[in-house]
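Right after this note come the structures.
Okay, so chain A shows up in both of these, paired with chain B first and chain C after.
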Partner chain A sequence: MITAPGCRGCGVRAALAAPALVALALLAAALSSLLIASIGGTPWFQHYRKFLGDDLYVAYLVRSFRVAAWTTLVTIVVGYAIAYTMTQASATTRRLIVMLLVLQFFSISVTRIYSIILLLGNNGAVNRSLLALGVIDAPVRLIYNEFGVVIGLVNASLPFAVFPIFSVLERVPSSLREAAYTLGARRARSFWRIVFPLSVPGVAASVVIVFLYSLGAFATPLMLGGGFVDLISVFAYEQAINFSNYGFAAAGAIVSTVLGLALVYAFTVLIERRAET
Partner chain B sequence: MGNLRTLSVLLVGLVAALPAAAETLVIQTWSGVWENGARAVGDAFAKKYNVEVKYELQQNTRLGIAKLRAQKDNPTIDIAFSTNDALEQAASENLLLPIDVKAAPGLAALPPKFVHKNYLEVMNILFGLVYRKDLAPFELTKWSDLADPRLKGKLGVPTAQFAGGRWLIMAALANGGNENNMEPGMAFLKRLKPNILSFYATDGESVKVVQSGEVAVAGLGILSDFAKLLGPSSQYRFVIPDGPVLTSVVSVGMANPKNAPLSLKFVEFLAQPEAQSAYCAIINCTPVNPSASPPDAIKDFRPAPERIYAADFAVINGKLPEWDEWYKKEIQAR
Partner chain C sequence: MQSSPLPRIGRTSRALALAGCLLLILPQVVVIITSIDPNPAAIFPPHDFSLVWYGNAITRPAFREALVMSVGVASVCALVATAIGTLAALLVVRHRFSGRNVLVAALQLPMLVPEVLLGLGFLILFSRIGLRLSLVNIVVAHVVITMPFAVRVVIANLQTVSPSLEEAAQVLGASPAASFLRVTLPVIRTGIVSALIFSFIVSFDNFTVTAFLVTGRGTLPIEIYAYIRTESDPTIAAISTMMIGVSVVGIFVIDRLLGIERLSRTQAAH
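For the complex of A and B:
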């Protein structure tokens, strides 16, 4: 093989870049076809006008972003607590937590969701226990509402939060905290002033992953929402598959994707600016 | 040269001695008990005609049609098991081959109304309301019982898109309407709203919500799904109230022109009483071939033929998106 002088490793780089380019091209082609389908029809942009002009469809969008925001907030708080515990725990406890998270991550989603129904449903273990103890007179509605969907999504997305945060927290030198203690800082102060700022990149990565994952969730809202909390993915599925209305489904998907990406972009810019100051 | 000739003769002899590659038929069907039914007839067909039968599963009826649509220009599915309304839709999109009745004399075994231009109706599936005796506060016998205030928060009902809109049609029929007059059904559905705990989109979900005890009553269920749970000592009750009966018809269509002759042979095979009885024994359905008999488990549910309502799915398929919007705004919204 002839290699141009000064370009050692170019061949390897090209070989590595090729699969990435193919993947990018496929992604671009898929998004382009979605975009074309959403614009097409007579008159042009009719699908966007219908989607954005009807409260029923705008509600899908609002609900999706609200559920994704709540899920992200709860997941990050719970995930951070777990990740922090892992950094403080013994190697055995840490392995156990990792094992549980990995097991949960690879479990079949429908089974996982169904287990939540058996736990929190009208006839679930929680309601039956509360009824048996006389705490309530009638079952409390814990699922078939946004609360239930958020619980399900938090359960599903927890590994996406724990691992990025843990990987950052693990690298915070314990000597920094010890120095703070030596200088008189209490645990809470040393956490908020030293540990947390250093873990922000992990938190930011988790926020983006969990938010986008929740925004596109399908099975969880379908099963735990009980038909009352259908998100944008359910809308797209119903329109594309049940009604063969690809253009309309694509318009909803494009609006949701663009808004989601804009939010993520704004968030990352904000985080970067904070990091610079 | 002589050696080469001998070798050639040997090779030709060897190739001739090899069994010819078996013809292959690809059948698309639903999973679970539906797959078992399709396999019962598919495997019998494979044995009779010495062909290979492969099975591809569809998650639900509409995804099955979506798959036919996606491979329209180069189909790999030969036979599609579906419902009559979905195949009506598929035929309107030119996804199905015409059925050549002259080339398939075996189709004469069926009453002509079941043999359509592009698909064949083969078995009737019955719909009714389902409840659990241990959870429901009273015995349900009629559709209007679903609106009883004692069922508040105990009722699960289908989405508008369930089974091609049959829930909406059933609501209309039970209240004196039909697909051309949906007002009575819509008014009835509004009365049900306070009782509704959750909605289900598939028949699989309808079974799960009843089995788990989440709801005491499912507004519309498929007998084939619940038949195995019924019995004198069972807590489950399946009721087909008086009045018009709505069915779903398991139907088959042919999608692959390259394999049309073998596909037609299968369709012809499926029309025969033996195949129909074998399929229905597993699915718990009613064969459309008058010489075939339904399984004992559902004999008591068989409605008189004049009670079966022949819905116009050309109208329903056209109107369903509009009704779905109404349902989501008026019934599915809290």
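For the complex of A and C:
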């Protein structure tokens, strides 16, 4: 590009960067089209006003954040338990769990969600087994409600929680735990006072990833919500595809993303403050 | 809590871990069992054995065309994204320049933007510029989505290779191009192959962005979703089982190349 004297290697650098910059320019073009569509129309910001001024639409927002919060809570607790088990398990068990999580990570999301329908649906394996055992008289509704969406999202996001938490737990020097034991701390106390504080960075990272992932998830609420749990992503899809209402769809998706990022930012600042004190 | 803290904590967390693992494994087990149930209503557990749904999955033209489309899109996307990613990785690992950190952060950006925003953004962009080529649009969007994965994998690999190898080759008289082709490329081969596999999988799996851009025939995930909406027989269970098989083979290949345990650690590094 620029081959001025004194800029040796500039041409090489430009050539290496050019393809990636084209891809990033496409990303920027897509995101700015989205922003412009959401703001545009007459009068300006009408889509945002319509979205935020109607309880029906705000309900999508509330539902999305509620589902994302539950998903994050359950995923972190269960993910922590799995990661903790991994630190104490035999090499074989640990490898097996890693394989299971990696398989989960690499499985095709649509078929993974379908498998959950087969497991938890009204005619699914769980309901059939409970009916056969006489535990229940009629199928229990486990999916096509918020519970089902949360279960599906937990299933999808467990790898995002286990791996970061496992890696910080693994770095906790066992001498610290032993020292606590020697000093007479009970296991629960030594966990909450020593192990857990040291694992906070891993937990915080997982919270951010899982929360943002479940807030933006689309296939899971679409398939496991069954039309009863319309989250913001499903709203955006329906507005855009069924009604060609691009601006309105964009406004809803942007409001949700910005709110989500603001929450995550506040959470990160809070964690860092606590780490400093 | 105070009276017997040791076993209770241990039991509860072990029970939680077990529940989590069951949540991961039970759907896979049930889908495999359901795939051999000849009953179209698929009432668990099956009382008979049949491969009829495998036959249906394989012979159905819609699925075959969707598979061809998915493999085509994912292959093109993997090649392009890995090429872009390798060049960008070489730039940020081997060169020092102002704005380098900004570029490294920007290269990860597509991974951080929610997919619905990407899908909707590309839909609006393509409709504004009047580009109505479903397949091209999907490939372009997939390249942007998968590029961060390719960049990250190649950067991680490149960082383990000392630049002195290339310098040595150049001191010995190799041109920069030759030293790249004969020295650098072979040593980062693992990274490039991993980047190809990663971006292929990310593209092959993609549902959200594709759903926004697809018109007419769709990729495999789109056609699977369409089938689930209208039919209730276990054809998709057969497809899912075959997919699990492919994933298991793929994981063994990646394990051989990279080591799964190492993968779980690099995962944690970001």
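Please note the rule applied: the second predicted complex is superposed on the first by the 247 of 277 C-alpha atoms of A that agree within 3 Å, B and C clash if a C-alpha of one lies under 4 Å from a C-alpha of the other, contacts with A are read in each partner's own complex, and residues count from 1 in each chain.
Operating definition for what follows: a residue touches a chain if its C-beta (ideal position, glycine included) is under 8 Å from a C-beta of that chain, and two chains touch if they have at least 3 such contacts.
Bear in mind that the values here come from a model prediction, so they are computed numbers and not experimental data.
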Room on chain A for both chain B and chain C (clash or fit): clash
Most chain A residues touched (candidates chain B, chain C): C
Touched partner set for A:241, first chain B, second chain C, both or neither: both
Chain B versus chain C as contact partner of A:210, first or second or both or neither: neither
Touching partner for A:169 - first (chain B), second (chain C), both, neither: neither
First, second, both or neither for A:109, with chain B first and chain C second: second
First, second, both or neither for A:142, with chain B first and chain C second: neither
Touched partner set for A:156, first chain B, second chain C, both or neither: neither
Chain B versus chain C as contact partner of A:123, first or second or both or neither: both
Touching partner for A:82 - first (chain B), second (chain C), both, neither: second
Chain B versus chain C as contact partner of A:187, first or second or both or neither: second
Clash-bearing segment of chain B relative to chain C, given 201-209, 219-227, 237-245 or 255-263: 201-209
Overlap of chain C and chain B interfaces on chain A (superposed complexes): 114, 117-118, 123, 222-223, 240-241
Contact set on chain B toward chain A in their complex: 62-63, 66, 69, 89, 93, 135, 153, 159, 161, 197-201, 205, 208, 212-215, 320-321, 324-325, 328-329, 332-334
In the complex with chain A, residue positions of chain C that touch it: 1, 5-6, 9-10, 13-14, 16-17, 19-21, 23-28, 30-31, 33-34, 41-45, 83-85, 87-88, 90-91, 95, 97, 103, 106-107, 109-110, 112-118, 120-125, 127-128, 140-141, 143-144, 147, 151, 176, 201, 204-205, 207-208, 211-212, 220-221, 224-225, 228, 236-237, 239-240, 243-244, 247-248, 250-251, 254, 260-261, 263-265, 267-269
Touching residues on chain A, where the partner in the complex is chain C: 9, 12-13, 15-17, 19-20, 23-24, 26-27, 29-31, 33-34, 37, 77-82, 84-85, 95, 97-104, 106-112, 114-119, 123-125, 128-129, 151, 154-155, 158-159, 163-164, 166-168, 186-189, 191, 202, 212, 215-216, 218-219, 222-223, 232-233, 236-237, 240-241, 246, 249-250, 253-254, 257
Chain B contact footprint on chain A (complex, rising order): 56, 114, 117-118, 121-123, 138-139, 141, 144-145, 222-223, 226-228, 230, 238, 240-245
